[in-house]
Structures are given as C-alpha cells and as structure tokens.
Amino acid sequence: MKETHYSSQQQSSPPQTDLSKRKWIGGAAALVALSPGLRLVELAAAKPNDQPASSAVRWGMLVDTERCTDSCTACVDACQLENGWGKGSTDESRSRATQKAHWIRKVKLRDRETGKTHILPLFCQHCENPPCVDVCPTGASFKRADGIVLVDKHICIGCRYCMMACPYKARSFIHEALHDQRVLVPRGKGTVESCTFCVQRVDRGEQPACVEACAKLGNKALTFGDLSDPESAIAKQRTEVTSRAIRADLALNPRVRYQGI
Amino acid sequence: MKMAGKTAGSTRSAGVQVTFLHRLVLYVMLLAMVSLVRAAVPVPDIPLPQDAKQCVQPKSIMRREHFNFLYHQRDETMRRGIRTKRYSLVNCVSCHAQKDAKQQYIPINEKGQFCSSCHEYTAVKIDCFECHATVPVSKSAGQ
Amino acid sequence: MTTIVYMPLKEKQLGFYLILAAFGVLVLVGLLAAWYMESNGHYVTGMNNQVVWGLPHVFAIFLIVAASGALNTASIASVFRKTVYKPLARYSALMAITLLIGGLTVLVLDLGRPDRLIIAMTHYNFTSIFAWNIILYTGLILVAVIYLWTMLEARMAGYNHQAGMAAFIWRIVLTTGTGSIFGFIIARSAFDAAILAPMFVVMSLGFGTACNLIGMLTLFPWNNRPLGEDLVHRFRKNLGIFVATNLYFVAVYHLTNLYFRNHQEAEQFILFTGNIYSTLFWIGQVIVGGFIPLMLLFVEPFRRSRGSLLLASFLVILGGLAQLYVLIIGGQAYPMPLFPGMEILSSGFYDGQIAQYVPSLPEALLGISGFALTIVLTLVVLRVLPMLPQALIDQKQTSARHG
C-alpha cells in the first residue's frame, strides 16, 4: 500500500524537486527544533529530504523481553513485508533454508541454572563500535551519522568477512539472483545485508516496521527513538528500567538494549 | 633483392605488388563489413514515458551525464541519507517503466525496455537492477 | 667455490607439455566452477549464512600461507647469509609468487561480487586487516619480483641483501596479517586469540618448505639434474623443525582454550566430539600432518630416503589443509556464545545450533585449481627463464655428514 502511495505521488508531481513541499518540511523541522516539547508524534519529525542524517540524533531501541511472547511473530512478519525478504517476497526459491536471508528472528532461551525462560527478537544491534564496520575491506559496511549501521551494496564485494565478525550473527548473504525487491529496499545477489532500522521509514519520520507491528498487533514490547533526546520515550524508559546489551562484555555499546534478561 | 617489372598503377612494398585490383577488392570488403555491422545492430528505439513531458535534465545532457548524476546521488542517499528525488534511481524507474497490455509494469531491465535498449547498443553493462527494484511498485508489497 | 649455472627446464618435451596440459585443464575446470558459482549465486555451494567461508577459503589461505613460507629458503640465503641455500633462492622466490597468485585467484573468484575487484583495490577501509592484506598480498608479489630482479640481473646483485631483507620483513608482516584475519575476530570462541598470528607464521614455514621440496624432488630428477644430499638433508631438518614447532603452537592454543571455562565447550566440540572436525584434527592435522612426517624425517631408515621426504612433504600439505579446515570451518560451525549461561531452546536463524556444512563440487574444483594454477605458472616460468640450478652438488668431497 505504501508503494502505490509513493508511485502515485511520483506520477502526479513533476520530476523536479517540489520546492514548496521542501519549504514546508523545512519549516516544520525548524518549528520542532525550536520547541522541543512540541511533538506531532512520539518520534522526531521527518528529516527533510535534502538534509543529511545528523549525529545530533542517535537512534536506538529498547526491547521489553517480559512482554514478548512465544506465539507472536508480528515483528518478523512486518519486517519481511516491509523489506521484501522471507515471506515478503517470491525470491530465494533456490536457496536452502540455511542460505535464506534473515533480518530478524525470535529466540527462546532458558537459564541453565534457574530454568527461567525468555523470548526476544534478535537483529542487527546497530553497535556504536560495530566490528562489521571495522573489518569491511572496502568500507561498504558503515555507520551513518545518526548511528544506523548499513551496507552500501554499491561497493560491497561479497567477501562475507563482516558476517564472520558480527557477534550477533545479524548479517545475511544473498545466495541467488533476486527480482522482487522493494522499491526503497535494494538487495541483490552476492552482497550482504542486515536490519537497517527501516531507514527508509525512519527518514520519513515513521517507526521501524517491527516496532509499529509490535505496538499494533503484538505486545508493545519494542520502543524506538532518539537516544540523544532526553524527552523521548525511549530515553525516559531507559533511565527507569534495567536494561542491558547482549554480549555487553564485548564493549560494542549496541544501540539496542534488552530489559528482563 | 629481386627487381621485378612494375605494372602500371601499382606500388611495391616488401616484395608484394599491390595492383589496382587488390585495392578494389580491399575496399569492397571493407565496405561490406561496415554495412553488415551497421545493419546488424539497429540504433535503439527507446520507449519513452507516456505521461511525463520532460526528463530531469535535457536529453543531450542526460545522454552524456546520467551515470554521473546517479553515482553522485547514490552516495548522497546511501551514506548521508539525502533523499532528494530528482536524480534518484527510483525516480527514473517510476517514470520510465512501461506497462504491458494488462496494465502491469514491465521490469525496466528487460530487453527492449528503457535502460537496456541503449545499454545493449553501447555494450555498457549496468548492474543497478541486481539490487534495485525494476518496477515502481513491488509485486509482493504488502497491505 | 663452484659457480652455479642456472638453466631453464629442458628435455622431455612431450612429458612437459602433457603435464602442463593436464594441470591447465584443472585450471580451466576451476575457472568454469567459479563462473558457475558467480552466475548462479552461492546457492550452488555448500556455504550458507552460518558457515560463510568454506572449502575455497581453506585452499586459498593454505596457498597464501605457503607462499609466504616458500620465500623462506631465499630469506635464509639473502638475509641470514647461509650461502649454501643461495642457488635455490630464485626458485624459492618464484614459488612464493606462483603460490600467492594461485591462492589469490581462488580467494577472489569466491567473492560474491568478483566483478568488483577494481572497487576492492581502490576503496580501502584501513581499520580492516582484510584491506591491509590486499595491499600486503599484491605488495609481496611486487617485492618478490624486485628480489628476483636482484638475482637475475648481474648489475642489481649489490642490492640483493636489501631486497631479501625487505621480502623477509614483508612476508612476516603478511603472514601475521593473515593470521590476524581470524585473530582479530572477537565474535567467535575459536578465533579471538593473538596466538593465531605467530601460529600462521610457523605454519607458513612448514607449508612453504613442503611445497618447495615437492618441486625440488620432482623437477631435479625429471631433468636429470643432480641434487646433493647435503642440501636435501638441511631441508629435511628444517621441515622437521617447522612441523614440530607448528605442533607446539597448536598445543599451546588448544590447551589455553581448554583452560578457559567459557571456551571449554567450543574446544570439546572440536577436539573430542568424534565429528568431522575432531577426526580431521587428530588424524589429519596431528597424525598425518605432524607425527607421521616427523617419523619420516627423523627416524631410521626413513631419514635417509628421498622418497620418504617427498611423502612427508605431501603429508604436511594434507595436514595443513586439515588444520585450516578445522580452524576456519570448525570455528564457524560451533555456535557463538550469544547468551552465556543460557540454553537456546529455539531460534529462527539457527542460533545455538551446530552449523552444517557440506563442501560442494564447484568449491572443491575451484580450490584444487589454485594448486593447478601454481604448478602451471611455475612450470612455464621455469621453462622460459634460468631459475633452477643445473646442478647442486655437495661442496664437501669427503663422505657426507649425516647430521
């Protein structure tokens, strides 16, 4: 549905940049920047199209594992649909199950000593010190100014070293030619990919698909927002609840933290 | 070195006498080759979008520079998050993708479609659509 | 002091071209396999999202590590000034170059996007040891060529020591870098160990010497060139020392890992589970690649036989491949410690499960073609250029010392 909305938007307006719309968005952003208390939605307003991502913003996520349930897969389904992998696409028909891409998965754990079980979604943790970025020989794996870790598939050579280096096994390699990509989510044979925090949605001022789906259809376990903004819901929640990073001993300072484990 | 008698209208070069007849055959062969080549690869007939009146830049500039616009834009969008529409590949596809008789979008990288009609003619391989969507709307796009 | 005369390979025309053609076919088959993998995508291989580096990487890294060690003979001659090795210095530098080219070819052809090699050579992320390795590998070819130049061109002979020193330092850095590809990985229990860098240096000495020996012990008799026992015996001792030292480093690495309680399960998986990795470790790496060669090299009556030396060299190579298989693939097969103290009951992406990997035919063909390419290039250059001494006769005329 979002795709048709986008293309009809394209066909109705001429190919040149719509200056009047730019001014409105720029104005709205200025208004929001000037009055931090005034918010249209929970998140920061959409970044204007012609403005780069800024390091004044630090995107992060908080996962409440106590709310996450075994039977719910809303986050995984929504990610697949939004980004065009798994059930969200007709591609990867020839790859074996172990070769298919996974951007997010549910993991069920049990403490060996106490027997307590936990459920949580696991995906790219968007580390502050990402080992995948360190090891990429061409610099295709990079961290954007606002903290989102991405793969620049224009220069990815498909060496898979980042997959070796990722402590969360967050990355996937595409093992065959793809034809059914989402318009705003390019992915292709021979390159590596992982969760992008739905960067195409975040840049529009929306939440990642998993967060939105969890809120609407799931158990409201995911909170996403700007960690640099002390007024954001996620920043406030992080000061109130105990949360930790997975494999915190590696000192990667992931932007995704989990409460309840 | 042997000195053979020279026939009129010929030159000597490294012991081979090149006569008028040799030259005629050579020129005819060259002409045939050139005509054959020109006949084998027709100048492309580029399908143009039905509704948009003009491209983001004039045709003469786009022919020479479209790849530079795309190279620049891809880094702006990918690395810096600047999503201006003018030179974005998504924008190109949304205008230049054609529809078939059933009003379904034809993948833009198919033979005879917008990009490949020139790129096959010029023998310049592009790999944009190994990753980028070939239609403005994905078939599997969810609700 | 007799003057050493270098001559290109001659004689046995038909045999030479037949052998060259046979290995050439292997190279072509490997290239076909690479094209098949690239055009279809890696779904045709046994590699997957759990085991991302497979058989091609085992072969490629073996060849690259062996290349560095193959240069050792020349280093001993030019840097450490043991002149008895000098006649083999040209051949040693040549083997380093051809082994490296063979390994790099396999590595590059397995990339997801090998058509982007130009990008790999023009976009560098200098925090990546992989990027540094790209520079080190291509640089070693250049340094080795310059080193060869000081040996082939009489006017450059004065620079031989400096060129040899440069090549020596470069290859130590290169092998350290190759080991650090794994040593710098914090994610996996099998890898994050600084010992991997010096271990790779020691591995390179053994693998490279074995490759050099196989070349020498086949080429000299094939061309009816005498090869003195004194020199052969030195190589025998060197190979033995390198194999023993490699076993030492492997022992230290595993004992340390066993001592770490949090690495113990990963170690037990590799060493004691009775799966492919422990089989390859004990039988392939330790026995076939370690104890049997040591026996062939040092125990009577084997230590007098060139046949035993040749066999030992082959076994060292097999053991080396096993060692790298256990390290690279075994290291990926054991699940990462995502949640220490927790048991993973289920996961959508195989977390907590032993990863399965079955090598496929295209991967094996590509890997083998790396060896074939090395052999083809070596034979061609040896045929064309004066790289191999016409005769290597013992300097001492009295009965040879057994050492």
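Observations
Per-chain numbering from 1; labels A, B and C assigned in written order.
By our rule, contacts are C-beta pairs under 8 Å (C-beta built on N, C-alpha and C of every residue); 3 or more make two chains touch, one makes a residue touch a chain.
Just so it is clear, the structure is predicted and the values come from calculations on it, not from any experiment.
Contacts with chain B and chain C are shared by A. Remark: the per-chain Cα centre closest to the mean position of all protein Cα atoms belongs to C. Contact tally for A-B versus A-C: the pair with more C-beta pairs in contact is A-C. On a Cα centroid basis, the chain most remote from chain A in this structure is C.
Chain B and chain C have centres, each the mean of its CA atoms, that are 45 Å apart.
With centres set at the average Cα position, the gap from chain A to chain B is 38 Å.
Mean C-alpha position of chain A lies 41 Å from that of chain C. Multi-chain contact residues of chain A (touching two or more other chains) are listed as 177, 189-191.
Within the complex formed with chain A, the residues of chain B that make contact are 51-56, 74-76, 78-86, 90-91, 93-95, 107, 130-143.
Across the interface of their complex, chain C is touched by residues 76, 94-96, 98-102, 105-113, 117-118, 122, 131, 133-140, 155-161, 163-169, 171-177, 189-192, 246-247, 250, 261 of chain A. Remark: chain A residues 1-4, 6-7, 10-11, 14-17, 47, 49-53, 81-82, 84, 88-90, 142, 144-146, 150, 152-154, 177-184, 186-191, 199, 203 touch chain B in the complex.
In the complex of the two chains, the chain C residues touching chain A come out as 38, 40-43, 45, 47-50, 52-53, 111-114, 116-117, 119-120, 123-125, 127-131, 134, 181, 184-188, 191, 332, 336-339, 341-351, 355-356.
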